[in-house]
Structures are given as C-alpha cells and as structure tokens.
Amino acid sequence: MDTHVHDRRRFLALAAGAAAAPLLTACGAGFGGDDGKSDGSAADDVTGSFDWKREKGTTVKALLNKHPYTDALIADLKSFTAKTGIEVEYDVFPEDNYFDKLTVDLSSGRASYDVFMLGAYMVWQYGPPGWLEDLGPWMRNSAATGAEWDQADFFPNLLRADQWSLKAGAPLGRGGQYALPWGWETNVVAYNTEVFRKLGLKPAESFDELTELAGTITQRAPGAGFDGMYGIAVRGSRSWATIHPGFMTMYARNGLRDFTVDGGKLTPAMNSSDAVAFTEDWAGMVKRGGPPSWTSYTWYQCSSDLGAKKAGMLFDADTAAYFQAVKGASPASGKIAFHPGPKGRDGSLATNMWIWSLGMNAKSKKKSASWLFLQWATGKEHLRKSAVTHNHIDPVRKSVADDAAYKDKMRHLPGFLETFETVVDQTKIQFTPQAQFFDATTSWAAALQEIYGGKGARSVLDGLADDLAGKVG
Amino acid sequence: MRKRALGWLGDAALILYFVFALFPIAWMVILSLKPADQLFSTYFSFSPTLDGYRTVLGDSEGIPFVRFFVNSLVVSVGAVALSLVVGLPAAYASARWRFKGSENLMFTLLSFRFAPELTVIIPLFVLYQKLGLFDTYVGMVWVLQLVTLPLIVWIMRSYFADLTPELEQAALLDGYTRKQAFFKVALPLVKPGIAAVSLLAFIFAWNNFVFPLILTSNEAQTVTVGALSFLGGDRPKYNLTAAAALVSVVPPLLLALTIQRYLVRGLSFGAVKS
Amino acid sequence: MRLALRPYLLIVPALLLTCGILYPFGLGLYYTLFDFSASKPQPDMVRFENYTTVFTQEAFWNSAWVTVLYAVGAALAETVLGVAVALLLHRSTIVGRILEKILILPLMIAPVIAAIIWKLMLQPSVGVVNHLLRPFGLGGVQWTDTPTGALLSSIAVDVWVYTPFVAILALAGLRSLPASPFEAAAVDGAGWWYTFRRLTLPMLWPYVLVAVIFRFMDSLKVFDIIYALTEGGPGDATVVLQIRAYLEAIRFQRYSFGISYTIVLWAVVYLAAMVLVKHLGKIQRKAAEVTT
C-alpha cells in the first residue's frame, strides 16, 4: 500500500512537472520589463532628402481611443496611404478601458502597437520606464521631417506640454518630446441659454458668483419650467479624471499648486490653508448647486445632464458641451453657449487642459514609417480637413484655429470661438509632472468626496498630503 | 379561506420580486428602442426606433460587434466543452473512488473558482504575449477554465455521488467494461445535470469581463467588453449599449429555453434521497 | 495496481489543465517577492516586504472590512431572498409556473452591464427610478452619495444579478426532496411552520449551502459591479480588495504590490472556502447515505 502512495506521488509530481516545464522555459524569469535601452535615436538613420514614399509597403499598427477626433482620422487614412504607400491597421477601444489596455500593453515590453493616442499626463507614467520614443530627434532631422510640417505653427504651450525631462517635479517644456499634440480640450463653462434668459442670469465672473449662480438655478429653475434642473455639472467620481477639468482649472486660477518643488523634492501642497479654503468652497458649491449623487459623476453624467436640460451649466471640457450642442444631438442643442468661466485671483484665467496626443512605442520596429504617420496626422493638411469636415475641434495649430472655414463652422455656437481665444494663451498643464500622477489624483478625488460628505477639509487634506509625501519623491 | 388568502399573498410577493428582477431588463428594452436625442429627455413616451439595433448589428459605429458576438460564442462554447471533456471523468472518479488525496485535489480545483482574477491577469498577460496566446481563442478558452471547470467538476461530482453504483455494477456483471459502464449507464443518467451545469458554466463564461478586458484585443474580444464600447466617443450612447447587451443575451437565453425542462430538475444534485 | 491508478488516470486531464492554470498563479506569487513596477522594470527581490506593507496599511484594513461587509451582505440577502422565491415557486401556482420560466433572466445580463444600467437608472437627474418614486416623495434620493448608500446600492445590484442563481439551486433542492416525510407530517397534522423548520429547511440546507458557498466566495472577490457603479467611492467606502488591487497593479502600475493584495484576498477566500466546504461535506454526509 505504501509503495502505491509513493508511486502516485511521484506520478503526480511528474504530471505537474511535465505541464509546467515548457512554460517555464518559454518564460524565463517572467518579468515583462525591457531589455535595456539603446543609445542614440533611430532618427539618425534617416538621411538624404525628405520623401513621403520612403517607407512604402510598410504596415503601421495603431491603438486608438474611441473619439470624434479618431473618427476623423480613420475617415482620412486613405489619403495617408495614397501619399506614403504605408498601410495603417488600427484597434479602437472606448475610453473606459483604453488606458488599461495601453498601459498593460506597453508594460509588457512588446511592440504590439507602433503608435497610439495618449494624454500629456500619461507621458509622466510611460516616459520614465522608457516606453515612449523621444520624437525630438525626428522633428529636428530634415531628412525625416518635411518642411511643410512647420513646428512653429503649433500653439507653443501644447508642444511644451508633451515635453519633459523625466524628472519628477521638473517643469514641462524641457527634455524629450514624448508625444505630439493632436487635439485638445480647454476646461471652461458652458451654459443653457434658455434658462439664463428666462431667469435673467449672466455668466459668473468670480468663483463666489459661480456658487451663487449655481445655487440660484437649483432653486429657481425647476419652478420656471425646467423640471429637475440644478445649477452646475462637475465631475465627482472616485477617479483621477475628477480633478483635472473644472476643479484643477479653478484651483489654478486661484493661484494654487498641487505640489511645491524645492531642489528636486516634491511636497504636497493640497493642504495649504488657501487650498483647504478653496476645496471647502468647491464642495460647498457642489452641495448648493451641483448634481444630486455627485460622487457618481463622470463626464458621461455631466455632459448628458447638460444635454438633457438637467444642468444649467457645465464646468468641464469644452468638447463635452460641444458634442451635446451640435445639431440633433440632444434637447439642449442650439441652446448652449460658452464662457471662459470665473476669473481667479488677479483676474487669472489660468486653465487646465487635456491634450489628446500621439506617441510612438520606443520598442517599435517601424519607427521611420511610424514617424511619417505621426507627421501626417499632426500635419496641417489632415488637421484642417478634419476640423472643417469632421468634429476635430479645438485645433492644436494656429493655422487651423485661424482658418476661415473652421471659424465659419464654429460661429453658430455662441461664445465658443471667443472663449477659446480668451483662454488659449493661459491654458497649460497646471499639474506638477511626476510619475505617481494617477495615484495622487485618485486619492485627491476620494478626499474631495469625503469633504463633500461632511468631513473636515483640513484633516482630510492633511491626511492626503501625508499619504502622498511618502509616495511622491 | 385563510389558505386561499395566503396563496394570493404568496403570489403577490412573487410578483413583487419579479417586478424588481424584470424592471431593469424592461428598461434596457426601452433604452434600446429610444432614438439618441430622446435618451434622457423622456421616460416612457418616445418614438421607438430599431436604429439602435441596426447600428449595433451593422457595425456602423466602427465597432465590429458581430465579430465580438461570434468570438463570445466560440470562446464560451469552447471553454464549456473542454471543461466537460476533462471535468466529467474527474468528477466521476472522485465520486466513485475514495482515494488518497481526492478531497484535497477536489478542493484545490474548487479553490481556483474563488481565486481573484487580478492575481493571474498580469502574469498571464506576460505569458500570453510570449506564447502568442494573447488575443486568441485558445488563450481565452484556457483562462476561462478558471470559471467553468470547478463549477462543472463540483456539481457533477455530487451528481455522480448521488447515482447508486449498483447500476454500473450490474452493467459490469453483464460484461460491460468500465468505460462502457460509464458511457452507456452513468452518463445518460446524469444528462439533466450536465445540461443544467453546462448552461450555468456557459452563462458565467459568456458574462466574464476581466479576462477578455485585459487578455484580448480586437481579434478575440467578447461582447461583454464590446458592449461597453458604445459608451465612449462624443456622447455616452446608452441606447446602443442596451441594444448590444440585449442582443448578447440571445444565445444563453436560447440555450436556457432549450434545456428548460432539465434546468431545475438537472440541478437536483447532491443526496437527500432515501 | 491497475485499479488503484484508475481514478488518477481519470483525473489527469483535469489535473494537467489545472497545472496550466496554476502556473500563472505561481508566477503571480513569485512576482510579489519583488518590487516589480513600471518605475522598476528590472526589479529587486524584496522578500515579504510587499506583504508587510499591505498589512500595515490602513487602506488595506479598510478594504478588507468593506469587502467582508459586501460579501456577507450580498450572500445573506441573496440566500434569504433566493430561498423565499424558491419556496414560493415550489407551490406551483399558475403565477409561479409562468414566472419560473423567466427566473433566470437577470443572471444572463453581464454584471458589468447590469451595474451600468443600474447606475443610469439610479441617477437622480435623469434616472427612471427617482422619476417613478417622485409621486411618493422619494424623487430626491441620492442612492450612491453616502458611504452606506453606495455600499447598499452595490449590494442591491449584486442581489439583482445573483438571486436567481440561489433560487434555482434551492428550487432544484426542493423538487428533489422525498415526499414521504411530508406526507407523514401532514397525517400527524403538523403546522406549516413546524414542517418548514423541522423538515424542509434541514433537508434543503445542503443545496442552499452550495449556492451560499459559491455566492459568498464570489462576492468576496467582487470587481465588475463596483468598477462600474461607484469606482470605490465615495471616499473609500466601497474600495473592495479587488478594486484596490486593480488600482495598484493596473492603474498605478505597481504590479508586485497590487498582486500582493490579491494573494492576501485569495488566502482569505481559500480559508473561508475550506471551512464552509468541510461543513458542507459534514451535512451532506449527514443528510445522505454514503454510497460506495
């Protein structure tokens, strides 16, 4: 009997071993990380005169987020292939899981995709591990980049926003160019003109006024024929995305910082006394005139409430309002106007922004073809076409912003162009670049929710600062 | 008289539960029939349209929903079939023979059902990339064994245990081999159980979210992840998500209707028969 | 020898498959001994440091507590409701026979979709639930806005999806109960409550317990419902362990640390399952004659 047991045990061990062995050898140590960075840029290998057809016959793989800008890009891909002879294969995923996909894919160290969409904040997470190609050498190489690309045509703050030295706390605009701005969003106030007219209201010029205004709408609009309408829609869910639109914009307009940087060391500043006071005021505004069930609000809820005439105002990306305002999109279309939003200390209109950028995988085997794609996708020709014939609004290029056909198209939206022109020079990334951005802003959103729920702002924000001090260095 | 009143009360309670259970589904049907611009402006009065379904099935939002649908079918059927092929013998063996370590083995199998998906997802991602299993049917069928195999082994094991061994012994005496006794005697008797547990396993595989979310891309992505795609873009299109979700209910529903008569009877596993 | 090996041979395919699944678990476990993260693609061995960090974090204990609350709440509510529904259906009234056919429907909606639809329905501004409750003066309820509300709402969605699972298993049990003890009780003139407590419930219990085990274990590792409904908020009110692990491992790219969370969760689930399954075996044996 005993021997049987031994036999069986040995058998089991063998069976387990047999199953695992091939996998073990296939996997090595099992980490997905990189195999060392190479010196020098592949851009240096491109010599001679610039030629769009240089890489014809190649196929480039792109990972794209579902977005109207993407729709415009996909619609125009034929002209890219005609121009270069390069085919583009692409996968499109919705925003909810796009970044999970991209992050996991990049972290595996594989070049599944040559080019992809990302935001400026992602550069802070993807740049330091060496996942992103520095595009600077490509831009500077006249053999790789055609003269018509015209770097000076970009709004300079946008180009700078994707430029970083990969050191926590180091200002943007220095170091490598880890992505190119392609489409962007400023965070401003959009409002329902109908309710403003009926109640005789004017857009707020200061934050106190905005709070008043939001409270007034919540109080008076339902009685004036706007069933269930409240004052102002802002995001409130437990996500990093809650912080960066309206909240960060108003925070920056009040001259507040997320971190202070001293000799390369970051100190959380969300608990400075001014920041505590402002955060309390923000939570107070939400309570007086914000959406019910605010803590579940993502941009879906915010923008659909504006469209459904449930929100009198929206303090969020201008695009979130724009896509409710276009003809036939929602009950509120034709009744949405734009305003830069309240001014901060000393009349500041500092505005935070989101930039849909295009980046290149540092592991790509087709960098030269990928660069031609990025060059085309951020070039004047495509961007103008997609702005005029599609919904690629908020141009990253001055030439498109000034284009008569584009302006004509946008003119029917009251205040849109004026607002854009007012804030564009003061719009930049208002956060301090550092790799733990997503952790920091997610915790920040959770803290905001707790303050809104009635906890003391001082102690909650002190706790947040303590927690972050250990993580961000 | 009192008994009848109680009966009505019972029916009323049942109806109450079913209102709770069915209302969200009814609401999904309503959402799926709404035109995009009336999604939030009205509740029950709207001009119904099949555009939502047309968009979803016509792939016209740039989302290849039909392909996701086929993927879900292949992957779920494959996962259940594989689990049955390897799970039934295991369940039978552990029910018929009390052998050393059988309890522990069975428990280990069951414990995978309860393992957090995120424990394996990153190692699996790295592994799949290296083995070329990322975004493939094989990769999905493999990982879904975590969902389907323990369920099938555990439920079928109680089922076989419930079956009196005398029947097979009689068959052996009649000159059947063990194999024949299993296939010709035991298996037909547990058919209702197989039908019912396959349905449950199929539903759980079909509805799984985390594995396809991370381990597939465009080629092998399933409907659960695919239905969410309609929320992105310029505006959240709940009508399309609802339509996609309802379309994706069709296969499990058809399966359930086909084996309806087995479903409850089939799950009468375990013992308690005297 | 031949006979002794047969059961193992029959189990081998399942075992091989299990090893295939086991491998990534082993790899995951191995990862947790390092400080593997996006900022450290060439990690160093840190032994058990990840685990000591987990256990000394307030966030972990909060998540563990929330997870237990969620799992106990959901499993309890589903058991009570599921058994009640099964008992009511077992009477086979006309209404019951019709409704039984559609009992399984909610189980067919993927939980993540169910949570999204529920979220939309519960949105006070445009959601249908508040609209319908308005005549009763409940139009302004903010379902997910308080810690308790968010937790209860998440549990409610879980209950919506999985009650049919418990009900079906319980109904299957009820249908297979032997008739004779009930007939005897009826002859003795036993009341409904007595029959239920002394006969139905004890005999039904093994069936129900299987369902409870599956539900309790599954809700300890809940992810999709909360991911879609509350994202863990407000504050840290619904940050269950898998959400925390997801944030750490995927969103913040601290792979080793994130996986450590799930390993701890797995250990908890494993222990809980062991206790429950032992108990199940005991009462199954008690309830049945062992066949060999």
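The chains carry the letters A, B and C, assigned in the order they are written, with residues numbered from 1 in each.
The rule is simple: a contact is a pair of C-beta atoms (placed from the backbone, for glycine too) under 8 Å apart; a residue touches a chain by one contact, two chains touch by 3 or more.
Source: prediction; values computed, not measured.
By number of C-beta pairs in contact, A-C leads when A-C and A-B are compared. Chain centres here are means of the Cα atoms, and by that rule the chain farthest away from chain C is A. Distance from the chain B centre to the chain C centre is 15 Å, each centre being the mean of its Cα atoms. With centres defined as mean CA coordinates, chain B is found 37 Å away from chain A. With touch defined as above, residues shared between interfaces to two or more other chains in chain B number as follows: 40, 122-123, 126-127, 214, 228, 231. Among the residues of chain C, those touching two or more other chains are numbered 4, 8, 15-16, 20, 23, 27, 31, 126, 250, 255. Shown for chain A are the residues in touch with two or more other chains, namely 8, 23, 27, 30-32, 100, 104, 304-305, 308, 310. Those residues of chain C that touch chain B in the shared complex are 4, 6-8, 10-11, 13-18, 20-21, 23-25, 27-28, 31, 81, 84-85, 88-89, 91, 93, 95-96, 99-114, 116-118, 120-121, 126, 128, 131, 160, 163-165, 168-169, 171-173, 175-178, 180, 203, 206-207, 210, 214, 217-218, 220-221, 223-224, 241-242, 245-246, 249-250, 255, 258-259, 261-263, 265-266, 269-270, 273-274, 277, 281, 284, 287-289, 291-292.
Listing the residues of chain B that touch chain C in their complex gives 7, 10-11, 13-15, 17-18, 20-22, 24-25, 27-28, 31, 40, 43, 82, 85-87, 89-90, 92-94, 96-99, 102-103, 105, 107-124, 126-127, 142-143, 145-146, 149, 153-155, 158, 161-165, 178, 196, 200, 203, 206-210, 214, 223-224, 227-228, 231, 238, 241-242, 245, 248-249, 252-253, 256, 260, 263-274.
Note for the complex: chain C touches chain A at residues 1, 4-5, 8, 12, 15-16, 19-20, 22-23, 26-27, 30-31, 34, 36, 38-39, 41-43, 119, 122-126, 140, 142-147, 150, 229-236, 239, 247, 250-253, 255.
On the side of chain A, the complex with chain C involves touching residues 4, 8, 11-12, 15-16, 18-20, 23-24, 27, 30-34, 99-100, 103-104, 107, 109, 125-126, 128-130, 228, 230, 237-239, 291-296, 301, 304-305, 308, 310-311, 435-436, 438-439, 442, 445-447, 449-450, 452-453, 455. Here chain B touches chain A in the complex through residues 36-37, 39-41, 62-63, 100-101, 122-123, 125-127, 129-131, 134, 213-214, 217-218, 225, 228-236, going by the rule given at the top.
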